[in-house]
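Same chain, two partners: subunit A is paired with subunit B first, then with subunit C.
Take a look at the complex of A and B:
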């Protein structure tokens, strides 16, 4: 069984929060970090996120794989940015302070370093929160949370169905793929690309057909139970809000408010120490 | 949203699950190192054609959102929006070509491919980069290179895999007027 959405069961204040308030707070948090380019605020958000991680009692070793993945992604992204525009920071901050010179194009400027620091901090401020949300919220509570923050229940139910059927689709893909490989379909590097893509269709076609059957069966079952007749529905996993939940949502909005406030203070999205 | 049929809701869920699985676990290696061709876009194209633009849009949106959420690099709304747009655009092709009735010939293949190329170019060459620049203020050259690489890979895989899938799917359906009266 694959470990999808690495939910880790613990007793902690963050686990006790309802999914809806965590979801709202996470979305606000991500938005706040997206908007701002104020290095100080991003550092504060990062520290805060790491502190929350501590509170949740999730160990770093438990989310190691996902963490390594994001670090590699972060490194590649920064490398690409630097290779393509080593002077991007200069054009953003409107001044040029050279620290080290190799060649004219790739000389290291303080502005570029600050820009990279911002990009890195944007990740470090949001990734812990996203990982935290994923590992402290039960997947079955996720759909109920979406409905609670205002997404129509039919679409929330689609999300719930997606989460429910992902493991099934994985299993099915796997068995179709093995069956086709037994018949000589080759997907690895030994075959040329066109043949490989054709081989992929030999697996995808049965997958689509069985998915169509599944859609038929599931929608019939839901229709028989009068899904969608009422304007509202209840959720098994739904929980009542506690004061802490309201606090979490207020926190989310406060983060956005600070982010917008800093825009006004800095006169734009960037905090520019070079002025 | 109110008049969604139950079937559409289920199709969105299963379509999103397909998107998630194919984008997370399946990648076909290419001769260029580290560049893998993904096959979730052709599948989403077929599903969108069968269930319409709104369903296609939501399949892309939910599938991409969930796979980003599970991947650890955070949710990249700019690329999620690209997937949603692709699903939407391919859904409109469904109005022109009735795949469920087995109607997919040479003309269908031409329409399908023209629309998919344009949709990929708009999604990865315009929507995703524009939002990346707006949200993350990344350098223009880097973003457009990523967009170009992404769209070329997706266009090639949708052109080959998608077209074959459409032909194969249409062949499994009974064509309209395919019955003849015996005399």
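Take a look at the complex of A and C:
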């Protein structure tokens, strides 16, 4: 079965952290990596992220699906950048070192390569931490932690419910699709794309309708138990902060500080080795 | 006289989207500590009445109400849904759908979290309520991992943390197997005895609710209350069958035998029922006057499952050495608990899953290399929830879908679709949109959409789940008709009435194995199989014993045969 986002139960220091501190740190981490184009820093973040991944004892095979998903995205992103602005790196770094020439427009320059390396590193520095956060935080704590950093609890709860229902919906998709295939809907590669898309709608319609039923039931159940009565609510699963949690948050801010510090040193977002 | 805890006075209600009021002239008083059963066919207004009592009307379903409804002396109109939920706790029909928390503890705590209770108090409170309903040992389990009876306990705990005085059960038996349903009724009874709460049960499966005593039965039809009487009184009349509710089977049998049931004989349950010598004599006479069954004709084997063994990817060993022969033109029931392997078996037959060991032969031909589509040309599969199958807005298009996918010429499509719509009793609705149909009608649309492909065999997953007696009969008449046309019908079901009334043979699954393959009458009178497969013995069995008839299975068979004659008659 396909599982995109799910909690993976292990014993590790990262699992012991509260959801809120992990969330705060993850957001800082992502922000730090977004801001900087300092290749050295991005490499350091990547190494650090992979090390944390190791500490969490989560296996790569367990998060295979989301990894493949991000790799595809990463590849598309790079391809599009190169297709639309093959000289972007040149204009950024203000010099041009040609390594290979295909046509007038498309050649490979060291500057462009460095730029692409930065983009790739941004992914590798952030994706492991995002996956880490999602797979080491229980969905119920996830809602509590969103709420703790200031998101309204109603929104927090709907987000965590939505994440929780993904596996159910995938199961349902699977059984609907089998029943529709039995009626003659062709989804395999034998048919052309348009036929297959048409086939997919024959599955999506019932899927949406039955998901709506599910939403109605759960929202009634929630209202009948006073969800939304008060502007605030407490959380059964909420945990107290430990020193490690404070440390995690400090780490997050430190990462941003380094990122900003490097900007001052480099005189901008880009670290330019071509000077 | 005590003050009523809930009081309807000339109450009426009309949904905003509807032209007619759904509830009319409701006058009903419910007293503290009472246990009330509200029964009635689908569309009689019992769900609307429930929603009025728990505040979902008008909070989630807006509309206009007339007259007066008071709950604990407060006028409901002036209360918010939150205030009402402090007084009335509702256990919804969909046991799995109503779980919000990821673990039992969180689910019970949900209402407390919303009330901003501190964590320490909350933990204490959760433990207390969990102990009260007997689920204290499972606090850290996921609700999905619990048995049906335990789920019922959790959902009760979830509303009882609010210290409600009124517990409202909306069709608590709809999704449970017979044995779990029986257990659920016992749990409700026990919790009421301990807490002294007022209990209101909305359900059309009357015989199952009456497994434990209730004080009154309120019968509804067309938005009105038809009768409001103690069960012994109500069951001595004919109002139930007249209003589309099935009466307990033992009462039907007594009527067939010519026995007049009076309130004094306590017909509320088969265990309280007392019969006079003369009545028992009448029942015995009726039984002895039976015709001996005709010898069964030998039929050709249509589908043969030989030593099927199947394990899911996650390691769950779902089918263990399954051997079943399904004969041509047979009407067969497959029964068993959730997870017993009955659904997995049908998936393997349809080719949705592939067995690791064993073979399936259709007309003596191995189906190993048949694709899903090729199997579907021979074996049709109807899912439990019609909403999971219907993908077209118009009934005609939906039924025609399979043929059009197979590129059948449009003039043939039209002729065939109209033919199956007639068989399924949907011809008058052929131009309607699907959304205008009731659940039972949608179910028939899905049967039609499979039937149009001319399968020789059709497998139905819970064909009658959640249906009242009238819709149940309509669907079953269609299936009976198909059976008479020579189509092999296989039904996967929890419903014991269905099995008794329509299936000639039943195959019982338990723990991935076939533990019985016999006539329905023999199975439902075999205590050992009943126990193992979470079934429930039929009350006809007890009636036979009560009247001193030893061949209880023959008595049950006679009842089935007699009833078939009656219906045809």
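Going forward, the second predicted complex is superposed on the first by the 220 of 275 C-alpha atoms of A that agree within 3 Å, B and C clash if a C-alpha of one lies under 4 Å from a C-alpha of the other, contacts with A are read in each partner's own complex, and residues count from 1 in each chain.
Note that in this section a contact is a pair of C-beta atoms (placed from the backbone, for glycine too) under 8 Å apart; a residue touches a chain by one contact, two chains touch by 3 or more.
Being a predicted model, the structure only gives us computed values, none of them experimental.
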Quiz item: If you stack the two complexes on chain A, which partner ends up touching A:183: first (subunit B), second (subunit C), both, or neither?
Solution: second
Exercise. Could you say whether A:126 touches subunit B, subunit C, both of them, or neither, answering first, second, both or neither?
Key: first
Quiz item: Is A:232 contacted by the first partner subunit B, the second partner subunit C, both or neither?
Solution: second
Quiz item: What is the contact status of A:205 with respect to subunit B (first) and subunit C (second): first, second, both, or neither?
Solution: both
Exercise. Considering only the touch criterion stated at the top, classify A:159 as touching first (subunit B), second (subunit C), both, or neither.
Key: first
Practice problem: Could you say whether A:105 touches subunit B, subunit C, both of them, or neither, answering first, second, both or neither? | Solution: neither
Exercise. In the overlay, work out which of subunit B or subunit C sits against more residues of subunit A.
Key: B
Practice problem: State whether A:196 touches subunit B only (first), subunit C only (second), both chains, or neither. | Solution: first
Quiz item: Which of the two partners, first being subunit B and second being subunit C, lies in contact with A:175: first, second, both, or neither?
Solution: second
Quiz item: Of all the subunit A residues, which ones make contact with subunit B and with subunit C?
Solution: 161, 164, 201, 205, 207, 209, 214, 218-219, 222-223, 227-228
Self-check item: Touching residues (chain side subunit A, partner subunit C) in the complex
Solution: 1, 138-140, 161, 164, 172, 175-176, 178-186, 201-203, 205-207, 209-210, 213-214, 217-230, 232-238
Quiz item: Which part of subunit C faces subunit A closely enough to touch in the complex?
Solution: 54-56, 59-60, 81-82, 85, 89-90, 92, 94, 97-103, 105-106, 109-119, 122-123, 126, 158-159, 162, 313-314, 347, 350, 352, 372-373, 375-376, 380-381, 383, 385, 387-392, 401-402, 405-406, 449-450, 453
Exercise. Using the touch definition up top, name the residues of subunit B that touch subunit A in the complex.
Key: 1, 4-7, 9-18, 20-22, 25-26, 28-31, 37, 39, 42-43, 46-47, 50, 58, 62-63, 66, 69-75, 77, 135-142, 145-146, 157, 160-161, 164-165, 168-169, 172
Quiz item: Tell me, which parts of subunit A touch subunit B in their complex?
Solution: 4-5, 30, 34-35, 37, 65-67, 69-70, 73-74, 80-81, 83-85, 88, 92, 119, 122-123, 126-127, 130-131, 133-134, 152, 154-155, 157-166, 168-170, 173, 187-189, 193-194, 196-198, 200-201, 204-205, 207-209, 211-212, 214-216, 218-219, 222-223, 227-228, 269
